[in-house]
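Naming follows writing order (A, B, C, D, E and F), and every chain is counted from residue 1.
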Amino acid sequence: MLSAAATLPFLVLAQATDLAQAAPTPTPAVQQVIDSGSTAWMLMSSAMVLLMVPGLALFYAGMVRRKNVLTTMLHSFVAMAVIGLHWVLIGYSLAFGHSVGGLGIIGWNWDYVAFQGLSYDKLFADKGVPELVFAMFQGKFAIITPALISGAVAERFSFRAYILFIVLWATFVYCPLAHMVWAEGGWLFKLGVLDFAGGTVVHIASGFSALILAMMVGNRRDYPDGAIMPNSLVLTLTGAGLLWFGWFGFNAGSAVAVQSPVAGSIAVLAFTTTQTAAAAAALVWMLLEWRHTGKPTSLGVASGIVAGLVAITPAAGHVTPLSAIIIGAIGSVVCFFAVQLKAWHKKDDSLDAFGVHGIGGLWGALATGIFCFIPVKGLISGEGITQLGKQALGAGVGIAMAVVGTLVIGTIVNAILGLRVTDQQERDGLDITIHGERGYHL
Amino acid sequence: MLSAAATLPFLVLAQATDLAQAAPTPTPAVQQVIDSGSTAWMLMSSAMVLLMVPGLALFYAGMVRRKNVLTTMLHSFVAMAVIGLHWVLIGYSLAFGHSVGGLGIIGWNWDYVAFQGLSYDKLFADKGVPELVFAMFQGKFAIITPALISGAVAERFSFRAYILFIVLWATFVYCPLAHMVWAEGGWLFKLGVLDFAGGTVVHIASGFSALILAMMVGNRRDYPDGAIMPNSLVLTLTGAGLLWFGWFGFNAGSAVAVQSPVAGSIAVLAFTTTQTAAAAAALVWMLLEWRHTGKPTSLGVASGIVAGLVAITPAAGHVTPLSAIIIGAIGSVVCFFAVQLKAWHKKDDSLDAFGVHGIGGLWGALATGIFCFIPVKGLISGEGITQLGKQALGAGVGIAMAVVGTLVIGTIVNAILGLRVTDQQERDGLDITIHGERGYHL
Amino acid sequence: MLSAAATLPFLVLAQATDLAQAAPTPTPAVQQVIDSGSTAWMLMSSAMVLLMVPGLALFYAGMVRRKNVLTTMLHSFVAMAVIGLHWVLIGYSLAFGHSVGGLGIIGWNWDYVAFQGLSYDKLFADKGVPELVFAMFQGKFAIITPALISGAVAERFSFRAYILFIVLWATFVYCPLAHMVWAEGGWLFKLGVLDFAGGTVVHIASGFSALILAMMVGNRRDYPDGAIMPNSLVLTLTGAGLLWFGWFGFNAGSAVAVQSPVAGSIAVLAFTTTQTAAAAAALVWMLLEWRHTGKPTSLGVASGIVAGLVAITPAAGHVTPLSAIIIGAIGSVVCFFAVQLKAWHKKDDSLDAFGVHGIGGLWGALATGIFCFIPVKGLISGEGITQLGKQALGAGVGIAMAVVGTLVIGTIVNAILGLRVTDQQERDGLDITIHGERGYHL
Amino acid sequence: MKLIIAIIRPERLQAVQDALQKTLDEGDNYRLTVASVDGHGRATGETEYFRGQEVRTRMAQRTQITIGVNDAYVDRAIDAIVNAARSPNGEVGDGKIFVLPLEQVVRIRTGERGGSAI
Amino acid sequence: MKLIIAIIRPERLQAVQDALQKTLDEGDNYRLTVASVDGHGRATGETEYFRGQEVRTRMAQRTQITIGVNDAYVDRAIDAIVNAARSPNGEVGDGKIFVLPLEQVVRIRTGERGGSAI
Amino acid sequence: MKLIIAIIRPERLQAVQDALQKTLDEGDNYRLTVASVDGHGRATGETEYFRGQEVRTRMAQRTQITIGVNDAYVDRAIDAIVNAARSPNGEVGDGKIFVLPLEQVVRIRTGERGGSAI
């Protein structure tokens, strides 16, 4: 029985190609047995992605002023609560249910509501892991994605509005996009768009939404003249460390979509590219700064790490480690300049969610089409720009969904609750005025 | 050989029911081979539970005043040292050795002393993992449980007394309770009391002990009028994040007791319920506060997370994800009000170890009897209150052990070393007066 | 097929002995199948060792003055970037390539450059894991080792010089040493020197280099009279917690070198000894302080944890849990006194990289020869001092490489860039003068 | 006008604020500025340890309050502080009050000067 | 000589520094000392919450600047601070300036005393 | 009585404390209050960077000590501070000492006032 499973790794390539060609594969009852190694890895990956949320909280919180440190952390923590529930109740069904009308735009499965029909012993496709752990893993992505947006609107966004916004956004932007790109019946998936761990679904979606939302809510009152200094870059670096750690789960855990056993070659490849891209990007960002201002900053290194991780996300299991170095390095360059542009356009994307996630994700999505070699070959493998074209299409759809979705949802939320805190609240800090707390009593 | 193992998952239900019916199953030599996936997951889970200890240190340390931040962290860290050794030397033997006299109250095995007889290649029951990793996993529980108590007596407890207390408490409260509830020969185990990952053994035991100890040592000199403000809620939130992460190991790793492969369906179920309960509880606590005081606090979200995790602990592998949402939500409500009661009874359970762990653990233990569906069916499965009755009995025994044990041990320690620091030490802070250090030189 | 794999655990002992006897085992095509459990564990271990780097950053950063907190963290973070790349580009080839000239001193494999020849589906030896994950795991060791050195020269070392230094040091000290001790063709490996997870390669090498480098760069201007106080021991304790967690990956992951499945008995044994040694050492350090100064400090507990982890590193998979307690306890004693010696010799090994890693690693290397029982037997198994002799040889080579290498590289770097910042920079702090940032704006 | 600088125990701040508010709100509005400081008083010889090495250290955390008052309220403010900040039996470490002559006060909001600006 | 102690909003510090520098650099060199403080002004009744329990709290973060100036520059310094620290319409919380007589100044570097040492 | 406010380098605090203790303990008891501040002196134009954007910043960390002394000890205290706080060759950034007239001192513990309360 298990020996049947044991031959599977050799089928990965073939399979993955199939997936990419994407006729809704009828899942045959190939693998009826739990593979404990794969399950262990998925459990672990899911836990690691959850840890990225506090990691993000620290990363962001370190960059705001002391008076807003808690509200900034809460943006991430409350997503764990709110989207954590949303996913179980309806999110998973919307993203991974049967394509409604076969259109490949959104899913729905009454069975999946509150996981009622997901029996604990139901396996996921032919991957040898329980479907629940796949659902959990994906749920963590749904949590962190809206939390990423919060960086763009830090220090002035209404907390109530934020909660309503992320619920609507998860429902009408994230879940459809995840369905299109990742679900078996999704139209972009069927088209063969590659997005290994979420360059489009996670980073383009959150990054472009972030920019729009920042423009809708307007600049901080002290931006750009108020000497807004980070309360503690120690937190930011710590957060970057946790993010890097968790990202291994994010990327290497995403092998669940393409291979069995899950903890196999593709997972390891994704792990490796994650590491090399992040290292290259961190170094490049630091060198750019060194050249530019004479000061290699710790925030620069942290930003480079994240930029590299973002850039490699869609490509992680599709490219070689060397390609990953290039993707990370270029990712750092484009993000660095995207961030510098702020000095010119003066849109207060406070913690550079757009500059890093939007631009980094876009680059990564395209780079996947350039550098991929498995399961399909891309530009540098001499297979022309077909895949690059698909990638551009995927990215374009992601951008469109993000921009339009955020404009509409933002307008609605603004009408109901108002997007912005009062001037007095902003000045005195959101921690004390909204949450009745202070970050430090030192 | 392995294909024999491979059929095991399908036996889980049957097996687990057996366990619950609890005639001391003679372990046949079914599984002679290490299952690397299960072992990987147990290694990982053990490491994650260890990480909960620094997580707890941060969670607690953030809430005390600056002058006591280190001593509060040390309460957790020193448990890693002291109970870490205690467990290896005698704790494991007391908890998981053969029932002395067959009474099911305490164990002993000379072989287990200092793990001398635990050959590194000895497997644990039929679970396909080395017994050493089971012992390590359990050892982490033994470490964190007394550390939980420290929250109730923060900022005034003598450090020497604390060390003596936890050694005695581990010996005379924790180990017997673990034996009764979890060891094959334990009488509560044989009776069919369910405690998946320690609602009774860990949370009821520590929570009720915490209350008693807080009453024995008395209120802090500045309580309740001294405006005792948390030195850094950033630490508390970070700690809550680490706890949530680690709790996945705590709960999903506890599948080791019921299934093979360990990293299988029940582990995944426990993982899922852990996630949903925590999310629901965090949201509910925040909403209660919002209604109550108008301020949704970050400490409230953190407290809700922990309350939910506590409540689901005994039920994790026994209930559905939807039940877990309800358990978490109600857990948050009962803990929230238990904590508010302090304003009335004025017992200085400083960081609410009783309010959260005692009450949350009690609710979880009972909720298990209400919502369980596997391996036995509970109230909502229409099987009546039999299981609920067993759960109440288990909880009652846990409470009795905790209360009596703490009264006796506390009295003894008080007689030998005194429970409380001097007034001067308390005023100037324990960090400088006892440890000769300060938390910050900022 | 897999059932062939399944019998492997029983060969571990035999195999391991073979390895120790060390004729370059021709790797037969025994294991052609990925073992997902072992791969899961290696992925996890690699991620955990990466997390040790931010852990180390926090551990060190907490101990320096506020004005140098970021530069101290950067020493670790920049190693992730720089050595992260170095390893992929040439490090792995130098350390694990074919022995150049068969001398067993350094390796080289054009194939390994940039991992070009490491196909993602190539397995590692007979361990059932992809070679890429082995390379990643080892790469994390290469990152953290030079970062350890930075503790000795904190608060005064030039950032540029540091980067150049670690690149050269990784190339000319670390990689050769790793080759000699761990590569199949390494001469010390062939001789049977045991170094389970890096007592010699990691701790002796970094610790002795640290001392030399501290002497070359000279004392801090305020040492020893300037009341140099740690800016936040909260960070140091948090770092110690992350280090302990990550060290489980460090040590138990190192089972990859000796057994299949990797996540098996030896991994569990290493996990257990890691835990017991750390606990014993933490307790002993605290008690020593208590006796010595009357104050059991939190830094003492943290230092003890690290000392114990260092001491057990080379022995982790070779000794019993009880031996580990002894090794940890003695490790704490020797490190404690080594650190106290500073008051006498007045060499400003600022954060005691030598006292803890150099001395602790040396003790551990020797202790391995005393206490080992698997795969070879040592002194206390009554097999005489053969193994102890080999261990002493290994340690001696490590020390020699470190001392000579650091002297040469330090001299070169000093000539090119200067090792030390200006007096003004040192006085105003490296964060603001070199990196243009401050750790806190509280 | 005087500038009162008082060094008190942190845990007394709330009581002091209450007392000052009661006292000052009749006339001046109650306003003050608070800083975190370290006090070195009688109890000398405190030491901190860093890996076994002794370091002379700051004694204990204190709270410094700065408050500008009109002459009429100086004594009342002092009394209020003394009463609220003293520990039950008056213990070493309770702190000090310093009264400095204050020549000018300016309210930034309005540019107003003098007693009415306090 | 006077010692000026001003309590301002943190976000105004940069503007105040610029203004002071412009004003003072002609004569004295511009130098000042900055501390982080908490202000309690008009807006009383702020509360913080700790697990549902209300605690009276410090109102808001303020920045305190201390600056020693020669008599000739006192008014100019005050004006510079007022102008730079005032929020657009002058709002409650903008802060205060206190002017104290300063009897002596010593420059540690040289031991110099008096006006030239400022 | 005078109130001495001195701004010094943090690394000089211990030396200053020792010097003051030696000087003051004969008469007054040695007591002082210490705060962490940021100094802006001669060296203007320091910048900090935030994602590539320049921000004018606080120059460097300084320690402020506040000490109330009786008239007889003022000069001795100043000398003690100057000697202990000066860097070997007297460098820019060594700091300043301000001496303010002090009208009243109250010991909270006893309510005592005046010179003996210092």
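The criterion applied here is as follows: a residue touches a chain if its C-beta (ideal position, glycine included) is under 8 Å from a C-beta of that chain, and two chains touch if they have at least 3 such contacts.
A quick note: this is a predicted structure, and the numbers were derived from the prediction, not measured.
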- Touching chain B and chain E alike: which chains? A, D
- Query: Since chain D and chain E share one sequence, what rotation angle in degrees maps the C-alpha trace of one onto the other, as a multiple of 5?
  - Reply: 120
- Contact-pair overlap exceeding half with B-E, pair selected from B-D, A-F or C-F: A-F
- Task: Go ahead and note the Å separation of the Cα centroids belonging to chain A and chain E.
- Result: 45
- Task: Starting from the mean Cα coordinates of chain B and chain C, work out the distance between those two points in Å.
- Result: 33
- Message: Counting only Cα atoms for the centres, state how far chain D is from chain F in Å.
- Response: 18
- Quick one: report the Å distance separating chain A from chain D, using the average Cα coordinate of each chain. 50
- Note on the structure: So chain C residues touching two or more other chains come to 2-3, 35-38, 40-41, 44, 48, 65-66, 227-230, 232, 263, 293, 295, 297, 299, 436-438, 440, 442
- Query: When you check chain E against every other chain, which residues touch at least two of them?
  - Reply: 14, 35-36, 48-49, 55-58, 93, 100-101
- Item | Pairs of chains, among all present, that meet the touch criterion | A-B, A-C, A-E, A-F, B-C, B-D, B-E, C-D, C-F, D-E, D-F, E-F
- For chain A, which residues count as touching chain B in their complex? 1-3, 33-41, 43-44, 46-48, 50-51, 53-55, 57-58, 61, 69-71, 73-74, 77-78, 80-82, 84-85, 88, 114-116, 118, 120-121, 129-130, 132-133, 135-136, 139, 159, 232, 235, 434-442
- Message: Per the contact definition, I'd like the list of chain E residues that touch chain A in the complex.
- Response: 9-11, 13-15, 46-49, 57-61, 93
- Okay, in this complex, where on chain B does chain E touch? 63, 224, 227-230, 289, 292-293, 295, 297, 299-300, 303, 336, 339-340, 342-343, 352
- Message: Which stretch or stretches of chain F touch chain D in the complex?
- Response: 3, 14, 17-18, 21, 29-35, 66, 68, 100-111, 117-118
- Task: Under the touch definition given earlier, write down the residues of chain F that touch chain E in their complex.
- Result: 2, 5-8, 35-42, 44, 55-56, 58, 62, 64, 78, 81-82, 85-86, 90-101
